[in-house]
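Shared chain: subunit A. Partners: subunit B in the first complex, subunit C in the second.
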Partner chain A sequence: MGKYILKRFLLMIPTLLGVAVLVFVLLRVVPGDVVELRFMSGEGQFADPQMLAMERAKVGLDKPMWKQFLDWMWGIVRLDLGVSMWTGAPITEEIKLRFALSLQLAIMATVVATLLAIPLGILAALKQDTWVDYTVRVFSIAGLAMPSFWLGILMILGFLVIFKWLPPMVYTPLWVNPWQNLAQLIWPALAVGYRYSAVATRMTRSAMLEVLREDYIRTARAKGLWTKLILTRHALKNAMLPVLTVIALEFAFLLGGLVVTEQVFNLNGLGMLFVQAISHRDYTLTQSLVLLVAFVFIFVNFLMDLLYGRLDPRIRYR
Partner chain B sequence: MAINVPAETIAEVSLAPARRAWIAAAIKFTRQRPIGALGAAIILVMAAVASLAGVLAPYDPLATDYGGMLAPPSATHWLGTDAFGRDVLSRIVYGSRTALLVGFGASVLGATLGVFVGVASAYFGGRVDLLVQRVMDIFLSFPLIVLALAVVVILGTGVLNVTLAIMVPMIPRCALVVRSSALAIREMPYVEAARAAGFGHARIIFRHMLPNVMAPYLIMLTAFLGQAILLEASLSFLGLGVQEPTAAWGLMLRGAAVEFAEAAPWMALFPGLAISLGVFGFSLFGDSLRDALDPKLRTL
Partner chain C sequence: MAYLLSRLRGVGALAFLPVLIVGVVLPSPVMGQDKPRYGGELIFPVPSEPPSYDGHREETFGLIHPIAPFYNTLLRVDPRDPSGTKPIGDLAESWTVARDGLTYTFKLHKGVKFHDGSEMTSKDVKASYDKIIFPPPGVGSSRKGQYEVVEALEAPDPSTVRFHLKWPTASFLASLASPWNFIYKADILVKDIHWYETHVMGTGPFTFVEHVKGSHLVGKKNPTYWDKGKPYLDGFRAIFISSSSAQVAAIRGERAHIQFRGFGPADRNSLKASLGDKITVQESPWDCILLGAINHNKKPFDDKRVRRALTLALDRYEGSKALSKIAIVKEVAGVQVPGTPYATPPEELAKLAGYGKDINAARDEARYLLKEAGAEKLSFTFKNRGIPMPYEPLAIWMIDQWRRVGLNVKQEVIEAAAYYSVLRKGDFEVAMDFQCGYIVEPDLDIYKFISTDKNPANYGAYTDRVLDDLYVKQSRATDYEERKKYIRQFEKRVLDAEAHYLMTLQWHRIIPHSSKVKGWQITPSHYLNNQLDAVWLSE
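Up next, the complex of A and B:
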């Protein structure tokens, strides 16, 4: 087991290295760089090439590509992400607060999604091909279809028109004022959670359907066991594994993928930071940010793999 | 005596059962999967609106009218006008063209490239497979929208570039699913026989393997369609997708629609409804198709 964990852990490194190379190269293919954007706004006639070269040297853009890449990698090994090319502030500082916000929102949205998906999915499976099933499926697909940014606009509009109230638009950390914090974050969490519950509902439904057809369920039923007991003890336990995977992977994506929702609710999270950084051609910040999001995703994958072995003894690790 | 039967009669006779079979299949689908049929109906309406946009739209979607800005819904402008005095209904009608163009373009391209990658990866196996899988893993570790955004920033905005940007994150997702189906097909006796007969790689892949992964291909394609439309709307909403003055639903929700949401809610309401309804139709249809073709297939 220990050997397997180590092996799986080490296998994460080539993937992350690939992500790093990909984002590094992609960024440098993008036309323009941070210096150009800052000093040549508009026509760019005023910029003096000598000064541009000096500014480039200041942010390290004069070095050859391979050197820039190695510097970045060496920094990561030392847990030092360097400074942002645009603001000059350390990247760890830039990311820290926004990460807290994004993490909290991702957790809240995942809780909303889980609370919706599991009961609804079970219900749909038990009443397969009845109007209950259809209603649940239409409800969850509707969530998948409504853009969460539109749902956000509607929510804000609804509060304004009906209650003459607006959720707070400035972020307050949870530890400063929990009420203020929740009053702001619960709405995007609901909008996003509803949307992300769709896939998990579907997975719960199909996993339950599959399990309910197994022989041991029929046996349990035949020996006259309570339906309630069959469902919780026998069916649910076995159906939850794939559902858990889906929820975990969605959580990982939620952390960095809420670009548009953050925009609507004026949340300064990782998604917004990514858009700002890439539009400033802030190479150092963008590449570290992307690597962080990819790392979380790959790491959650890794954790799920380990958890699988724990939850399902049939799975053996080599 | 039956020698001089006119050609048309023959054609009619041979066509009739085929047409009847189609209708019967449609009825059967509606009965067994009412949800999927609802989705199909929405898609058909959307396609009709897009192709008849010139006839259906009461106004030119680009015509500005600075005398009638932000007008509420009325008999002349059913869904009101926007901040430039453009008719919202006409822009929604024409916006369906953008949505379908980008949606179909991106999903067909993405799913097709994904199928090739997936089948080739499974067919060649060994080192090729391992390498392809690692590369796909790398692409899969980006959230959909982050990857699409990065591609848009490189290529620039506009309909074509947005289509390409949405296509990229779809390739690995399709490849992953198709590969797992193709792995089983590779072990089939007929593939082995084809190999034993000395056919080339290309022929085996195209003639023997590709036709057998059509089910996952279709499933992924329909599953992508709705998501592609949604992704286009999101990118346009961020200002990184389709550009003004082209009529696009996501674009209509941007800027003035949010600023004047309280004074002119129709600007935010109706385009969002159009997006939701369109994606809803494709998702319903895709969901039922997936259930019908392969209920065990697990796709995200």
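Up next, the complex of A and C:
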């Protein structure tokens, strides 16, 4: 097991390196740079070329590309992500500020999705082709069809028109004021969690249907086991493998992918930071964010692989 | 020795006499109401966030809106003046201008203290302006080029600052009223000239409390503010909200009082419809405009008949009526914002190509010119910046107008961040260009159009020494009428005779704000009136 974990960790290095090369090159292929955007748009017609050259040197854009890449890699080896080209602040500080919110929202949305998806998926599978199944399917297809940001806009308009109320605009950490925190985050968690649950509900339903047709379930029924016991001990445990994969990958996506929903609810999260970094051509920050999200995806996949072994005794690690 | 031109706050130099007249003519709906009430926290969304805190270096309103309340400048634009062109003293109590126009001497208010308790003196003003005008190596100063006229400055005693100019200029007081020119503490600049990039500490009406990046910035009342009785607010809270729908929702949900940049007409209408008397709307021509940059290096745009045809095809008056309902544009304008001292009156403007009232005659002329230039049924690509408002509606309107004189124009939208790179490289035939000023002042507004070798931000890629000469003449003319004459000549040459650039419609600034907000006056610039010292909340 220990050998397997070490092997998987070592395999992460070439994957992350590939991501790093790709993002580094792609960012520099696109025209425009941070200095141009900062000092030449708007009323920036008086910015003189000397100043622009000086600002470029300040953020390291005067160096050859290979040197910029090596500097970045050397920083990562020393666990130093460098500073944002736009704000000059350390990147770890920029990310830390937003990470708590994004993580909390991802957890809340996952809880909402799981609480909805698993019972509904099981119910739909058990009551296949009945009105219960149809209702659950309509509910989940609606969730897939509606973008979460659109649902968010509807929620906000609903609050404004009906209750003359709007969720707080500024993030308050849970430990500072739980009520204020939940008043802000519960709505995006519901909007995102609903869409997220739609995917998981459909996956739970189809996985359950497949497992319920297996020979060992028939055998269990023939032995006269309680239905509850058959479902929890035999069916659900096996049906959960693909469902957990979907939930885990969605969780990783939520950490950096809620760009529009964060804008609708004005959440100061990683998604918004991502958009700002790209639109400012903040290479260092964008590179670090891409690497972070890639790491989260790889790590979550790795955890899922470990979990598979616990859930399915047939799986062995080598 | 010195010729006294002005004495106390509110009195400008002679060159600004017309400014005073405009200030009286234009209505001022908001200032001078009721007795100010003390207390309350002003909450406002800011659509962008300051990259650093140094006003001398940055260029975004995202810095001015939350940071200006912490500072004073030497002069400021009169917060009661709706034209936004009248300089008055801020830290300067009075000033004199030498008879030859080469020396400006400013007397400073006494008893002004920095937020750390130390006294502000002329040494601080000199150090701040030295940083702006003569930045040492490694220090960025975005507006250094605007102060080429300054030869030196001195601080002969703690309450006097003197600027020595290389030549007389009409715009000097206006350029000292720049909202960017925060006065910093000299001792700090000596120790670390970059300190103000990461710290806030001025003499302004509010003191810094906190800035949570990506979220909000908070200021509280400066209890020892030198302008006794001010500020009225207990504090302010700037919330960084990039989405315009979230900004509108914040105002509508009464989570915020005002957004100082501006909203579109549809947002104004929906806010007014849902909140009624709880919303007050202020509107003004905006010192921002989208321009058609015509690349003189690309054929047939090197032919002035073709360029002239492009401007003649535009029916600006009808365009204004239709577009002002859906976009943040409205006024038909020349090179100056309508209603400001040097703006060309409508009847005179109508004599320029593309500004006549008979659109059929203008389009006949356009077709004739195109035929004569051998560019009938010309096809070209119009490059536009990937920002919806107001780039998108304006481009669609222009393309349609050009179609009516037989031109076949294809639009290519370039991602906003990559756009200036395309313009700078000259990789376009005709493209949308943009200009925005922090104060309406010809030196700043028409600098855009001088030859490309003098101003690389002129993307038309032309050399026109007549234009360059007119620019210098208007800048150095201290007599109002003389300066106006040169500006008119400049305008005629750039928009009509040579048709180097084409103007679309002046932006129109719309600020729907909570009716509780008092003491704030809209101006044509979203960089002005953000010190908040005169703003108060009625409840």
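By definition in this document, the second predicted complex is superposed on the first by the 312 of 318 C-alpha atoms of A that agree within 3 Å, B and C clash if a C-alpha of one lies under 4 Å from a C-alpha of the other, contacts with A are read in each partner's own complex, and residues count from 1 in each chain.
Following the convention adopted for this analysis, a residue touches a chain if its C-beta (ideal position, glycine included) is under 8 Å from a C-beta of that chain, and two chains touch if they have at least 3 such contacts.
Note that the structure is predicted; figures quoted are calculated from it, not measured.
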Given the touch rule stated above, what does A:229 touch, subunit B (first), subunit C (second), both, or neither?
neither
Considering only touches as defined above, state whether A:160 meets subunit B (first), subunit C (second), both or neither.
both
Based on the superposed arrangement, let me know which partner A:30 touches: subunit B (first), subunit C (second), both, or neither?
both
Tell me which partner A:253 touches in the superposition: subunit B (first), subunit C (second), both or neither.
first
Check whether A:203 is in contact with subunit B, with subunit C, with both or with neither, and answer first, second, both or neither.
first
Looking at A:150, would you say it contacts subunit B, subunit C, both, or neither? Reply first, second, both or neither.
first
Considering only touches as defined above, state whether A:263 meets subunit B (first), subunit C (second), both or neither.
both
Is A:51 touching the first partner subunit B, the second partner subunit C, both, or neither of them?
second
First (subunit B), second (subunit C), both or neither: which does A:115 touch?
neither
Following superposition on chain A, which residues of subunit A contact subunit B and also contact subunit C?
30-31, 153, 156, 160-161, 263-264, 278-279
Of all residues in subunit C, which touch subunit A in the complex?
45, 49, 51-52, 58-60, 137-138, 140-146, 197-198, 212-216, 239-243, 245-246, 249-250, 252-256, 274, 415-422, 424, 434-438, 444, 447-448, 455-457, 527
Would you pull the subunit B residues touching subunit A in the complex into a rising list?
34-35, 134-135, 137-139, 141-146, 149-150, 153-154, 226, 230, 233-234, 237-238, 250, 253, 257-258, 261-262, 265, 268-269, 272, 275-280, 283-284, 287, 295-296, 298, 300
Per the touch rule above, subunit A residues touching subunit C in the complex are 30-33, 36-49, 51, 54-55, 58, 86-89, 94, 97-98, 153, 156, 159-161, 164-166, 168-171, 263-266, 268, 272-273, 276, 278-281
Under the definition above, what is the set of subunit A residues touching subunit B in their complex?
14-15, 18-19, 22-23, 26, 29-31, 134, 137-138, 141-142, 144-147, 149-150, 153-154, 156-157, 160-161, 199, 202-203, 206, 209-210, 242, 246, 249, 253, 256-257, 259-260, 263-264, 274-275, 278-279, 290, 293-294, 297-298
